[in-house]
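Labels for the chains are A, B and C, by order of writing; each one numbers its residues from 1.
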Amino acid sequence: MDTGTAYEFTPGLPRLELTQVGRGTPYGEVLRRYWQPIALSSDASRTPRQVRVLGEDLILFRTGRGSPGLLYPRCAHRGASLFYGGVERDGIRCCYHGWVFDTEGRCLEQPCEPENGLHRDRVRQPWYPVHERYGLIWAYLGPPDRKPLLPRYDVLETAAADESLITDGSGVGGGGPAFLDFNWLQHWENVLDPFHVPILHARFSGFQFSPEMALMPEVQFEYTACGVRSTQRRFLGDGRTLRRVTEVMFPNLRVVPSPRLKAGPTNILGWVVPCDDESFQIFTVAKDAAPDFLIKLRSTYGGKAWSELTPEEHQRMPGDYEAQKSQGTITLHGDDHLITTDQGVAMLRRMMAKQIRNVADGGDPPGVIFDGNDVIAIEGGNFFEDQ
Amino acid sequence: MDTGTAYEFTPGLPRLELTQVGRGTPYGEVLRRYWQPIALSSDASRTPRQVRVLGEDLILFRTGRGSPGLLYPRCAHRGASLFYGGVERDGIRCCYHGWVFDTEGRCLEQPCEPENGLHRDRVRQPWYPVHERYGLIWAYLGPPDRKPLLPRYDVLETAAADESLITDGSGVGGGGPAFLDFNWLQHWENVLDPFHVPILHARFSGFQFSPEMALMPEVQFEYTACGVRSTQRRFLGDGRTLRRVTEVMFPNLRVVPSPRLKAGPTNILGWVVPCDDESFQIFTVAKDAAPDFLIKLRSTYGGKAWSELTPEEHQRMPGDYEAQKSQGTITLHGDDHLITTDQGVAMLRRMMAKQIRNVADGGDPPGVIFDGNDVIAIEGGNFFEDQ
Amino acid sequence: MDTGTAYEFTPGLPRLELTQVGRGTPYGEVLRRYWQPIALSSDASRTPRQVRVLGEDLILFRTGRGSPGLLYPRCAHRGASLFYGGVERDGIRCCYHGWVFDTEGRCLEQPCEPENGLHRDRVRQPWYPVHERYGLIWAYLGPPDRKPLLPRYDVLETAAADESLITDGSGVGGGGPAFLDFNWLQHWENVLDPFHVPILHARFSGFQFSPEMALMPEVQFEYTACGVRSTQRRFLGDGRTLRRVTEVMFPNLRVVPSPRLKAGPTNILGWVVPCDDESFQIFTVAKDAAPDFLIKLRSTYGGKAWSELTPEEHQRMPGDYEAQKSQGTITLHGDDHLITTDQGVAMLRRMMAKQIRNVADGGDPPGVIFDGNDVIAIEGGNFFEDQ
């Protein structure tokens, strides 16, 4: 008699506590304890822009004074969207009845009302604090009494004379479109999965990165104060060893040095920012002398970019996007068979569960800074060593 | 510490009792106590047409004898749609097995059965009564024992020698497409919101109507026997005052005189007819000498019609459609901050709630006529007065 | 007062126990007790293919050895889809970490693991048994201990010298597209409804088949060991009678001889295979000398194929697809008014309900064969008889 047929198989469940991002969800509250990049600086302008972050729809704009603002879209008066608002010197004016709000949601004018609104100070448009740094707009969507400092990163703070910062929101590292249509965690935990590299990125689809990456590495995983780190050693056959260090840092930072193997400490950081439970965007900052450094990182297939491939070519030459998206919009974690090579993924999930409990119990999650030194040290990189 | 951030904000709820239109819903039963325009007369033909009104899908046709019929779409026999039916002299024949129904749902033939169906009189295709007037098909979808007369309107009953009636279903007054994809009430209550006119229609998007409409009016609201009326006075600076009267009449009539300010009693009436909870259509009847009078009312933007604008132009030059649609598919009434200039909206919502209770208690809502004088007097208009 | 209006009408319910096809549903378990055609033989190749059958998503492929395989799509390791897998000599390799599975789901390799996976024999990718016959891939999705023989059919086993088998998955007999987007039972029970032929296929849309089919037949229905049979007699006016026999055989076989009236026992069999509750595909096998025999069966309208018609032409010339689809995605069986001419449909629904109880009680449904003679006799055909 046949054994193991699908007739007896019952699919497992997703681990929603790790994947959901909305307000009040377990990991959504962890994410909300950190500043998050939500847009490029250039996205904040006199033209209001809709952004979706952690399941919340918001309107981003920049006042005539140059200050970025991030407001709840439905006008506090009658609910017309501030997407249609007119940006002025000090705020944004709703198109319907002309109420004006500043970047902290205070109502400055109610032009149809007597004396421009005698009680306009009783109205507050819901808002979030924002900052600009590294060419990105950062927002804090968490509890006001826990708002930390916006951190700096050592690898982005020191640049050689010919280097500058490059900012990107087009999905560098995702292997697909700018907005990725599946759960963010499938991408983030992939950072701790160095074993897929020689299979997916070399055996399957040609050398998507560099020939050295086709070698099966020796890997060590370790917890850090702020996340999980993996150190991969590849013996290059010429007496040298490539020691490659990748890591994730809470709550959603990816530290993946160039897969083209630029030597030294990484010059790239990326944030895996959930739009909602079923989509995310990657914001990347790099430090390099070449303005097109990040664009050149992206894989091509016979000279074609990902977006130019046919469905048949996508099937034949899958990359990170195809592998991770095909796990499902939200993968069924309960079906996973984690084994020795999945140790990094298992460690990350354990640490996430631990921090969910920590935050729910009133604690501060790892890496938030309230005073003192706001510079975070990054260990990742490609290090070529003589044996 | 930050105050008023969106982290603590909980969105309000829609008032479903005012917005829902289906059978058995509070205001849906108020709507069903009146005749409703459901199509242009020219829409009823030998080609069956699908219409959706008050959440019900129905098939409209016109028999060979010239009588319009409005039937439930699924054939009483086996459920094939009468959309595919063949219209004959006395009714419509289902394409599947040929049953024929007249305009009151009686089964006239069952051609596959012995003797054309010995028991065909036991079958009744669900139907609704219809009338034609003013170039429109009117239907009564309510309880048969409460069916009122189909009313006339004084402003449409008297025409000068050169005037004729003009009928339109393309969304005149809606500022957008023919089928509007949000809740009907957001449009209807806008009729009682004269203050948005100088903001949305003048300050924001150029002079969408006439320069006089850019002036902030003095406004009085009052209840009438059948709805709510607003009287707006604009001091024109040349010694004259424009007294503009708009009103809503139960359950969904909009009385909005020409925003191009044609003087005198209004020559336009419009019905805001819900297709379902999330979409509606506007049927308009005007009396004028120019056949294109209604088409010329529609706003243009730099010579372009609404449907020709790019998304960027829609954002930069919003009109009624953009403002009302952006409130949400069904706005969150619980979030509204109604203040002095919203008195008309507040009065209308109170009157709707009162009539919901009245109808639920077995009463007749305002303006239904069962006998006697069936002509309704309309007060709306643009009146230029010397001070 | 009006009677019979739709205001008092409450729509009926679908009979889900007859229509649903998923694992654990009443008729879904009946369907699972038989082999089902799921694809053409040519669909199984080195390029993995997604198939959806009885509500289950599966991956079909053919190993380098030539064996078709049908596996659950999500890799047992981390859930990446085997749609992106690479087919090898003995199985399919997941693109993400390279696990290899054979056609019975056994894990042959785990290339990132020490020694290719010391415990790989503990993993089983869910799979289903498949066979090839008549140019089709057949799968058994039911309980392993009840797996019957894959039957043969007498009319397909004997071919004249110039005849060969023709296989089709493009929707022959459905009157529409290859994938039909409504419940399968609406199509299947139509086989027992000979009365619609002179109405839908002759009176309405011209002679979709042959002129003789426009004659209203005399019909007898009878239960058989494996389903329901209808015998239709048409008196041709030239002294001859056409005796046409159509039947359905459990669980979803349609025996409909050529409506172009090729004489003799039918040379066509068709399986109505549900993709899920709301869509299905028809697999057809014919035995004929002309390779385009099945393609020529399809109706044309003024020289145009179904897919070339405009929406207006579809409305004016409905066929089986329009009639059955318009009953609804799943028709409301509770609204049916079954009368004398619907006897076949009523008999089929009764037999389905009886077999649902039989299978739920542990019995074997009609026509499953566990040993001995595996050839099923088919009675259907077009027989021209002298009176």
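The rule is short, and it goes like this: a residue touches a chain if its C-beta (ideal position, glycine included) is under 8 Å from a C-beta of that chain, and two chains touch if they have at least 3 such contacts.
All of these numbers come straight from a predicted model, not from anything done at the bench.
Enquirer: If chain A and chain B share one sequence, what is the angle of the rotation that overlays their CA atoms, in steps of 5 degrees?
Expert: About 120 degrees, rounded to the nearest 5.
Enquirer: Is the contact between chain B and chain C built from the same residue numbers on each copy (over half shared) or from different ones (under half shared)?
Expert: Homomeric contact, different residues on each side for the most part.
Enquirer: Just curious, how far off is chain C from chain B if you go by their C-alpha centres, in Å?
Expert: Averaging C-alpha atoms per chain gives centres 47 Å apart.
Enquirer: Residue numbers in chain B touching 2 or more other chains?
Expert: Expected reply: no residues.
Enquirer: Using the touch rule from the top, collect the residues of chain A that touch chain B in their complex.
Expert: 23, 32, 47-48, 56, 58, 72-74, 76-81, 83-84, 86, 95-98, 104-105, 110-114, 117, 119, 123-129, 141-145, 147
Enquirer: Inside the complex, what are the residues of chain B that reach chain A?
Expert: Residue list for chain B touching chain A: 1-7, 9, 11, 195-196, 198-200, 203-205, 216, 315-316, 318, 322-324, 326-328, 331-332, 335-337, 339-342.
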